[in-house]
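Common to both upcoming complexes is chain A, partnered first by chain B, then by chain C.
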Partner chain A sequence: MLLDVAFWVLGLVAVASAVLVFVVDSMARATYALALSFVAVGLALLLLEQSYVGVVTVLMMLMEMAVMGVYMVMYMGMNPALMPMSMVHDNRAALGVSAATFVVLAAGALLVPWPVRRGVPAPDVTAALGEALMGRQMLVMVVVSPVMVATIVTGVVLAAGRTRYDRFGDDLDASPPRDPHRGGVGR
Partner chain B sequence: MTLQTVLLVAAALFAVGLYGAISQQVVVMVMMGLEVMVNAVLLAAGAMWWFLAPDPAGQVLLLVVLAAMTVEMAAGFAVATLVHRHRGSDMTDSATDLAG
Partner chain C sequence: MPDPQPVTVGPGGVAAAGGILLALALAAVVLDGVLAARAAGLPAGAAVARPLDETVRLLRQRRRAPVSSDVLLWRLGGGGLVVVALLMVAVVPLGRWVVADLDVGVVWFNAMDVAVWVLVWLVGWGPNSVHSLVGGYRFLALALAYELPLMFAIVAPAVGAASLRVADVAAAQEGLWFVVWMPVAFVVYCLGVLAFSLWGPFAVPLGRDVAGGVLAELSGVDRLLVQAGRYALLAAGAAFAVPMFLGGGSGPVLPGWAWVLVKTVLLLGALVALRRRLPAVRPELAMEVGWVVLLPAVLVQDLVVAVVVAARG
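Let's turn to the complex of A and B:
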């Protein structure tokens, strides 16, 4: 009973704060609302015995929202806590699509004859997860790791203002390099 | 707390995120919509794991979802930086080069 109440409260907080993200009139409030939504989902995962994933979700998303706040200040060019904003397009179409999506997903959740539970959880699900990652499921982490590295490289290449290809050309053979100011020792 | 109720909450979260991803003009706000959608997937996958097959392999799937969330965020911020550098704005309406 207590578990049910806790879940409904967390679910309500998660959905309400997600709605607030697109309703409040400042970027800072939107970021806080999204962080609250993530924390609620992370705690709901804890109720589902996902102790590791739940805690990781909460910690990761709080840091991510902090980074997002910095980006907003950088790019919005305004005081994000004070400046009202409403920047939407196709609002009615978006509302219609999201409402239809909810109806379809909710109908699927309620009408599908879900199978009965198969198996029982391990006594320590976090230890079982660690053993799976280091054993039978290691291929997953082996694939995820290079994807992460590729993401780092992609992020640097996209975000860098001027790279060696801008300085030395596509074949890296331009001499002298195209720099805004001549530097070095006069070569 | 049953599988159906958790999936209902996840469906509501997904729909809200979809609304944000479609309607918002600022790139960072679009990313917020995508994040809410992935968050819903995370909750739904967690419920599936607990109520249908509480096997360690299911938890690994949740970690993959978390990794996808991280990759989306990092790549999204890099693209936002690129768009801002070239266009001086972070609006999706100013980056329609690939529009059909």
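Let's turn to the complex of A and C:
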């Protein structure tokens, strides 16, 4: 009973705050409405006894939204998002797409023949979930992660305006490097 | 003697935990006042009444809000700090008792200290004031530098105990406290506590050079809550270090709960005293120190712990 109430309250908070993202007129409020939505989802995961996954979701999403808020304020909107703004653009098409997506997903959830439980849950459901998600695909995951790191590094290198020749000179022998700001460890 | 199976307390115990945290925070305020008086060459007597004076003054002061401030987010940020500190100590066992015996208590503490990012930035954003906003951004710049070293610092005791449950981590230190063979992790953890409490070298988000930063526009009860939140976070950080690094409730003669309190008070006193002994950390330089010095150091610490644990079988 208590769990049912908690589930419905968390579900409603998650959906309502996700809607608020598109209703509020401030970038900070939109960001933290989204954060609240994610936190509600993370807490709902606790109801599945996935305590690690639930708490880590809360942790990562709070961190991510705190950083994302900074970027949203920096980049979104013609003004730097310090004035009232809207998260909604091209209202009619957006409404159509989102309504269609919602109908498809909700119909899927309602119409799919859900399997009945066979056996009992594993004693450690978090380990069981990890095994089910990753067990067979471990090799793929191990290969993908260095590729992702390489992609991030490459992206930063390509996007950076200053190359190592700007920092260390044509013969790469300038010491200390010529940086616009000093670093914290004497460089 | 730490108890591996702590008892979850009822509502009375929850209130007691809140009261203990508040008392520790008050003790920190008094100690800081005494140290400040001594540094200024004044008699220390007045500092003892300082928390009470300041509380009464702020409660009587009128709350004000600047033009077009985002009052909702501002008040949420300011009120949240004390709540986060309470949620942190919820997983810290006091001898036999604990408020919430989470099987992932270590991760819980980490999630709560990340919530401070959100709250401090909101306190900076809310009042629609340049100085506050600069303070909020300064905190995020520091947070990016200290958070990963802090995360990997609390990984070390968890690996050493092979558990994310705080009571298990405390129980795994029978005979040898983790602080003895994980000194790097302990030092980095303490730096993290100073940082998420906006204390000492990490107080630049509320520095005088930005007219008080995130504190600039706070008045009345809002200011009281933020200041209380800082001291409560410092106390909660010290309390969490006890089961993680300082052997939990283990110690001679006294019962477990008394040892937890004694160790917490000693560490809290040391953290308060550090305020006047360390230089301020400049936010634009902190990132490189955090990621080039602290992060590799604490990763090596984690590796050593993992190898020792694997070798012991």
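Basically, the second predicted complex is superposed on the first by the 126 of 187 C-alpha atoms of A that agree within 3 Å, B and C clash if a C-alpha of one lies under 4 Å from a C-alpha of the other, contacts with A are read in each partner's own complex, and residues count from 1 in each chain.
Everything below uses one rule, namely that a residue touches a chain if its C-beta (ideal position, glycine included) is under 8 Å from a C-beta of that chain, and two chains touch if they have at least 3 such contacts.
Predicted model only: the values in this text are computed from it and were never measured.
Engineer: Should A:V97 be classified as contacting the first partner (chain B), the second (chain C), both, or neither?
Structural biologist: A:V97 contacts chain B only, not chain C.
Engineer: Which partner, chain B or chain C, touches the larger number of chain A residues?
Structural biologist: B
Engineer: Tell me the contact category for A:T163 with respect to chain B and chain C: first, second, both or neither.
Structural biologist: A:T163: touches no partner chain.
Engineer: After lining up the shared chain so the two structures overlap, which partner does A:V55 touch, if you call chain B first and chain C second: first, second, both or neither?
Structural biologist: So A:V55 only meets chain C here.
Engineer: A:R182 in the overlay: touching chain B, chain C, both, or neither? Say first, second, both or neither.
Structural biologist: Second partner only.
Engineer: Once chain A of both complexes is superposed, is A:M63 in touch with chain B (first), chain C (second), both, or neither?
Structural biologist: second
Engineer: Where does A:A44 make contact in the superposed view: on chain B (first), on chain C (second), on both, or on neither?
Structural biologist: After superposing on A, A:A44 lies in contact with chain B but is clear of chain C.
Engineer: Report for A:A30: first if it touches chain B alone, second if chain C alone, otherwise both or neither.
Structural biologist: Only chain B is touched by A:A30; chain C is not.
Engineer: By the touch definition above, which chain A residues appear in both interfaces, chain B in one complex and chain C in the other?
Structural biologist: Chain A residues touching both partners: 52, 56, 67.
Engineer: For chain A, which residues are in contact with chain B within the complex?
Structural biologist: By the definition above, chain A touches chain B via 3-4, 7-8, 11, 14-15, 18-19, 21-22, 27, 30, 34, 37-38, 41, 44-45, 47-50, 52-53, 56-57, 60, 64, 67-68, 71-72, 74-76, 87-91, 93-95, 97-99, 101-102, 105-106, 108-110, 114-115, 117-122, 125, 128-129, 131-133, 136-137, 140, 144, 147-148, 151-152, 154-159, 161.
Engineer: Which bits of chain A are touching chain C when the two form their complex?
Structural biologist: Per the touch definition, chain A meets chain C at residues 26, 28-29, 32, 35, 51-52, 55-56, 58-59, 62-63, 65-67, 69-70, 181-185, 187.
Engineer: Please name which positions on chain C make contact with chain A in the complex.
Structural biologist: 70, 72-73, 102-104, 107-108, 110-111, 114-115, 117-118, 121-122, 125, 137, 140, 143-144, 147, 164, 282, 284-290, 292-293
Engineer: In the complex, go through chain B and note every residue touching chain A.
Structural biologist: Listed in rising order, the residues of chain B that touch chain A are 1, 3-20, 22-29, 31-33, 35-36, 39, 42-43, 46-47, 49-57, 59-60, 62-64, 66-67, 69-71, 73-75, 77-82, 84-85, 90-91, 93.
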